[in-house]
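By written order: A, B, C and D. Residues from 1 in each chain.
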Amino acid sequence: MNELADQVPDDGERNSMTKDSRTAAVRARSVAKSFGATKALRAVDLDLMPGEVHALLGGNGAGKTTLVKILLGAMRPDKGTIEVAGAPADFRSVRDAISAGIFPIYQHLSQFPDLTVRENLAAFSLGMAKGLFAPRAMPSDAVMQGWLGDVGLPVSLDALCRELSTGEMQLLEIARASAQDARVLVLDEPTAALTHTESEVLLATIDTLRRKGTAILFISHKLDEVVAIADRITVIRDGHCAIAGAPAAQLSAPEIVLAMVGKDVQPITRISPHAGEVVAQISGLRMRPEAKPVEFSVARGEIVGLAGIIGSGADQIACAIAGGIRPLSGGVHIGGHTIPAGQRKAAVAAGIGFVPTDRHADGVFNILGVVHNTSAASLSSNVRWGLVNTGGEHMAAHDILQRIGLHPFRMDYEAANFSGGNQQKLVVARNLLIDGLNLLVMSEPTRGVDVAARRAIHEIVLEASEAGVAVIVASSDIDELLSICHRILVVQNHEIKGAFERGADRQHVIGALAGAAA
Amino acid sequence: MRPGGALARIPVSVVIAILFFIICALLVPRFASFGNLENVARIAAILAIVSCGQAVVLILGGIEFSFGSSVALASVVSVMLLPAAGPALAFAAGIATVVLVGLVNATLIAALGLPAVVVTLGTLMIGHGLAASLAGGLPLDAAASPLFKWPAVGEVFGVPVAVVCAGAALACLWFILSRTELGRRFYLVGANAPAARLSGIGVRATTFAGYLIAGVFCGIASVILTSRVGSGQPNLMSDLPFQTIAACAIGGIPLTGGRGSALHVLAGVAVIAMLNNAVVLLNFPVAAQQLLIAFVIVASVLAQKLASSSLAVLLGLRWRSEP
Amino acid sequence: MTLKKALMAAAVTLVAFTPSGASAETIGFSVPSLANSFWVSATYGVQKAADAAGVELVIVDAGGDANTVQQLSQIQDLIQRGVEAMIVGATNGESVAPVVEQALAAGIKVVGLSSLPANKDLSATVGADHYDMGKLQAECLGSAIGGKGEVAMMAGPQGQFWSDRRADGFRETIAAEYPDITIVAESRLADNRNDALRVAEDWTQRFPDLAGVYSATDDMAAGVIGAFDAAGKTGVKFSASNLSPTAQEMIKSGKLACTSIQKIVAQGTAALNAALAAARGEKVETNVVTPALLVAADNVNSVDLSDVVAPADYRP
Amino acid sequence: MTAIVSRLVRSRASVAAFFLLLVWCVFGLVNVRYFTLANAASIALQMSVLALLATGQMFALTVRGFDISVGAVAALSSVVAALAWNQFGPAGLLAGAAAGIAVGTINGLLVAVVGVQPIVATLGTLIGARGLSLLISNSGQVVPLQSPQMILGLAYGKWLGLAPLAWLALACVAFAALMLRYTLLGRRIVMFGSNPDAARLVGMNAMAVHVAAYQITGLFAGLAGLAMVMRAGGGLPTDGGGMALQSIASAVIGGTALTGGIASPLGSVLGAAFIQSLASGLNMSGISPFTAEIAIGAVIITASSVSIAPQLAGRLRARVRRNRETKNDT
């Protein structure tokens, strides 16, 4: 998504900000917070200056979300102080933070699906108002219609929220938060669910708010987005500030990655060529009536990338190939026969693994143990006459998890005890154990995963491909696809719009994708 | 599979049950006598067998209300067929009736995907309506032949039949849940049904099997109950669903699915049976009995909540990833 | 299937097995619970008389002695149905009085049967000498346990005329004629076999040396006897009232010492005839009391059951 | 006119309205005296208890729980009201409502604060309430009201065609509907039911709202208890059995979603009217009340499949769309 960089005007005024010419809207001093044995935050300082975008970066599990929850009053720090406009503030609840003018835009959509757009827009006033009657607390329809206009969301106030698309819901939330005259706006992964045009609207909104003097805290995984918009950057690693509010202009991308990861993580550059013969043939696959059918084949050991931003349909195509959802037409021909559409059970029997997009909803068995999670897809291979061979199952899980580098390596822990990255390793390991695996389909395999885990997952994919497993990776992360794929198919509107062999020029692929997205 | 060493593997409810036993043995006169304990076991047996059925459904993330009338329906059917078919066939018909109710629930919930609360509430009412219509309101008397009476009063090596059946039911539940593939699938579907589906597990088939097995457990219990009451009763143990849910909850089985074992069921049923017996021996008036039962149900579920969180934190087992 | 066709089909099926509108005279009959052998026999008596008189009978069953609110609704439905007269067996005499008042105000004649509504201007009250039935049980049970020892009372629902009077009859006769017998427990909650079984199981534990048990009805006695059998307590004597098929079998097998009975079927027939007469404005005998008599092993085969209890296979 | 019809059809209460109409047509054909205003008035009075319980149950369902103690709480409230009436006169009725709120508060604290499962918490209060009723009515005796004429007048009098008690019950339900729509607490209860996490993030005291929902359920159980006192002229300690399940049935048939966030007061009343109309129809045709139970059981299942269907489809569409966007897990 680097093309964003050259869109935002590089006006000089942003870089000349001196460090503390004005009092910070919100200042956090040596904030610490730990959970039992884990020290989530050791000593973090953060200054949010009015009229400035302050980016907060950090790997998964670095303490980013804990800091945000403390700023929003959802959590109390063990040590350290929070000051709002110079005065010390002790937030007992989200209510205190909001009355102090700190408003959140959550990436986990905090919408009310069963209520109308009007009620969702008025949620803050309904939540915060004192007194008895609702109508007086709610802004007028005309005002709220104006809010929708500001973010270019052409929906009626009476529409039910659940009938909106994910991107529309995100814009609704942005409209709602930016309409409050907030002192501080906290954006947590806001662009994740947005199409290219919707992201543009967000960045424009942020710009207007910045001019109005709002302090903006922008949290994201996407380096290019951050570099494009941030005035100041803070990077958190292992609970303390690797970079503490340095002006964005003075930082280069590698420096930031180094701060986030602590060691120099080189992307994978060379992969071994794949054997020739075709393993799986995808034919006539259509997800939308108007889309042209998807046709491509995958050879033994070949890694094919489906490049597409959110909403392009890349992940839906991957899910349909793996039998997770039923396509309108077409299917996968593998091992001599065609898998019935939308039959995940048949797909697993034919040796098709699937790592879903949404780890929480469709991937991890939170309250079950590590072994149960890992053996879930390969139960039949551990079962004789209906009885589970728990010994064999434990050993198989132990080996694969050791190879995959589960950290901490505790076989008796429940899945909920692990970080996001390690939970994703559990899901990948489960698919590697599938009996006679010959096609592994993955959708956004390293989203929301720390850089180290991301590298480990890429290595596992390469190892599988070298062992002869064909792999299909649907992802919106171009660098990921460029580094591990033999071939990249660009997806737009549920159709394949172009193909690139390995080694293609990065800007060229992004151009095709951007072209696809325009 | 709870985190931490062996200590955390024993369910908290077993500790509660043992403590409860000790308290009763000390405070309640004649509680610890063999005769009384046998009586407690006899009463607890039926609740244990049906609770095994309820546990399977709870682990699946569902719930089963229809026990409240399927047992009564089975007793009416058995007694009506008794003169013509004789005890063995009559009891078989009783079991078949309950399994049929389980089949209806399984189809509506698994195949059509309707919410379990509404479906089992509906079959509870339909079942009671059928039982009362068939019996015409009045309990049907059964010609008490020795074979008909055997399940209630008979003994195997000195142990009441009901208690033997309860032991067999608990063992069978333990075996299904910990050894068989079907049992493993109950846990997976209960913990995260969409993830189970994407792992190639037939969620609908698993749910269907779960409600069917619950029906079989309940059917066996209905035989003992019919024999014990010696008649076809349209209102037989109508509070059975709540008793079994309370037993599983006290036993530590969360109603959200994914966890639970035969040990939990045993502990929960033991607490309720001892409680019902103790209040009688203490000669409490009915009002006080109900107040105490209410208090213990809520207190033990409370203890579960506090214990599981503090115990785990206390022992530093919970290595909590950054929330 | 369009909505209209569905409606017609449903209507046809319903008409098939329900009497048509209120052409002939209609008499309503509200009972507390058809899970009680007394009310089954009473219904048999009322139905027999209604068929004889060619009158339509609408029976509503509250489904349990505790379901007072349900009975109030049912009596109001009978008022709406426009019955000429109605027979009422009250779940609770005081609670049904207001709705019976409404029926009387609507010009409907009301006859109280056995469990009487607490209204003053009922057309007639039909019942048995329940006090006497209690007395007979006391005399039989008293002598059966040799005049001394502990006795427990399964006394039936509280607030119903028949059970209160019968319990008084038993209690007062024991106090007067058997001073050495002490009543250790009186349960007023159980009104059917299963509840009685559960309460009696408690008694087998709480009162190890209980000598005798009074049961207000034969249903309860069956539950009590079942509990004491299961607990292996032999030597305890049981007395009851009413003579349903179960009671006859228990008397013959010697489990039940004796039972004081009332001519239930006769009461049902008398109640219907009184209601019909009142509806037609004829003279009505305002207070019908059928005598109580004692049945034990010796005379169980000789007593004429035709107007005492319904035949075994009768289902209301 | 079509706007109203389409709004009704689209609204949650359409299923209950359909079955109510069906019952009235079927029994109207069978029994000439069923389809009369007088009978409608009689049914309106008889359903007042169930309508109050169903409206209360709706609040618990809206916050993703349910309350099986409402039957026993109504019985308890009727006894408390009767005792207080005999002691302090008409003001005593308030004590009945207070008893309902008290048990509702216990339920709320157990579910919202401690986190006990709704069915287990309300099972505890169900058994506790039954025990308490027996205790204060010295083991199950009906508590008659002294000089009950005035109060009985409410149940059996006539005012604009309906009994005053029926008007009172409808007024309470209307209050609930207005409260849900126009007060902050009402809106917050629906918001909490729709998305509990989001509710916390917009600044409301989510726990207090969760407790308040169960308190209102308790209040309406108390009001139902008062209705019982007015009809029976006394406190009924052992009545109310089975009413809890019927109240859940009425609310579900009325379109209130089990998964929370959707409350339909009109639907709950129509659901209660359906169940009462069915029972009365069967009573008047002399069919045994047990067939009513079979019919109600069958209708709950069909109603849930009908009223759940659009919601399920909506949720499915939203879920599929949500799958395509990113989900950060920390």
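Here is the rule we go by: a residue touches a chain if its C-beta (ideal position, glycine included) is under 8 Å from a C-beta of that chain, and two chains touch if they have at least 3 such contacts.
Bear in mind the structure is a predicted one, so any value in this text is a computation, not a measurement.
Of all chains, A has its CA centroid at the greatest distance from the CA centroid of chain D.
Separating the centre of chain A from that of chain C, both taken as means of CA atoms, is a distance of 72 Å. Computed centre separation for the pair chain B/chain C is 35 angstrom, with centres defined by C-alpha atoms.
Chain centres here are Cα averages; for chain B and chain D they lie 29 Å apart. Between the CA-based centres of chain C and chain D the separation comes to 34 Å, rounded to the whole angstrom.
Under the contact definition stated at the top, the residues of chain A that touch 2 or more other chains are 61, 65, 356, 361-362, 419-420. Within chain D, residues 139, 288, 330 each touch two or more of the remaining chains. Those residues of chain C in touch with two or more other chains are numbered 61, 63-64, 189. A complete list of chain pairs in contact reads A-B, A-D, B-C, B-D, C-D. The part of chain C that touches chain D in the complex is made up of residues 7, 10-11, 14-15, 18-19, 21-22, 57-61, 63-64, 66-70, 72-74, 76-82, 92, 94-99, 101-102, 158-159, 188-189. Put simply, chain A touches chain D in their complex at residues 60-61, 64-65, 72, 74, 93-95, 98-99, 104, 106-115, 119, 123-124, 126-129, 131-135, 137, 160, 162-163, 165-167, 170, 188-189, 192-193, 221, 310-311, 313, 315-316, 319, 325, 356-362, 419-420, 423, 444, 447-448, 476.
Within the complex, the chain C residues that touch chain B are 33-37, 40, 61, 63-64, 189, 192-194, 197, 201-202, 205-206, 219, 222, 226, 229-231, 245-246, 249, 315-316.
Residues of chain D that touch chain C in their complex: 22, 25-27, 29-34, 36, 38-39, 42, 45-46, 49, 139-142, 144, 148, 152, 155-156, 228, 231-234, 236, 238-241, 276, 279-280, 283-289.
Contacts from chain D toward chain A in the complex involve residues 181-184, 186-188, 190-191, 193-195, 197-205, 257, 261-262, 314-315, 317-318, 320-330.
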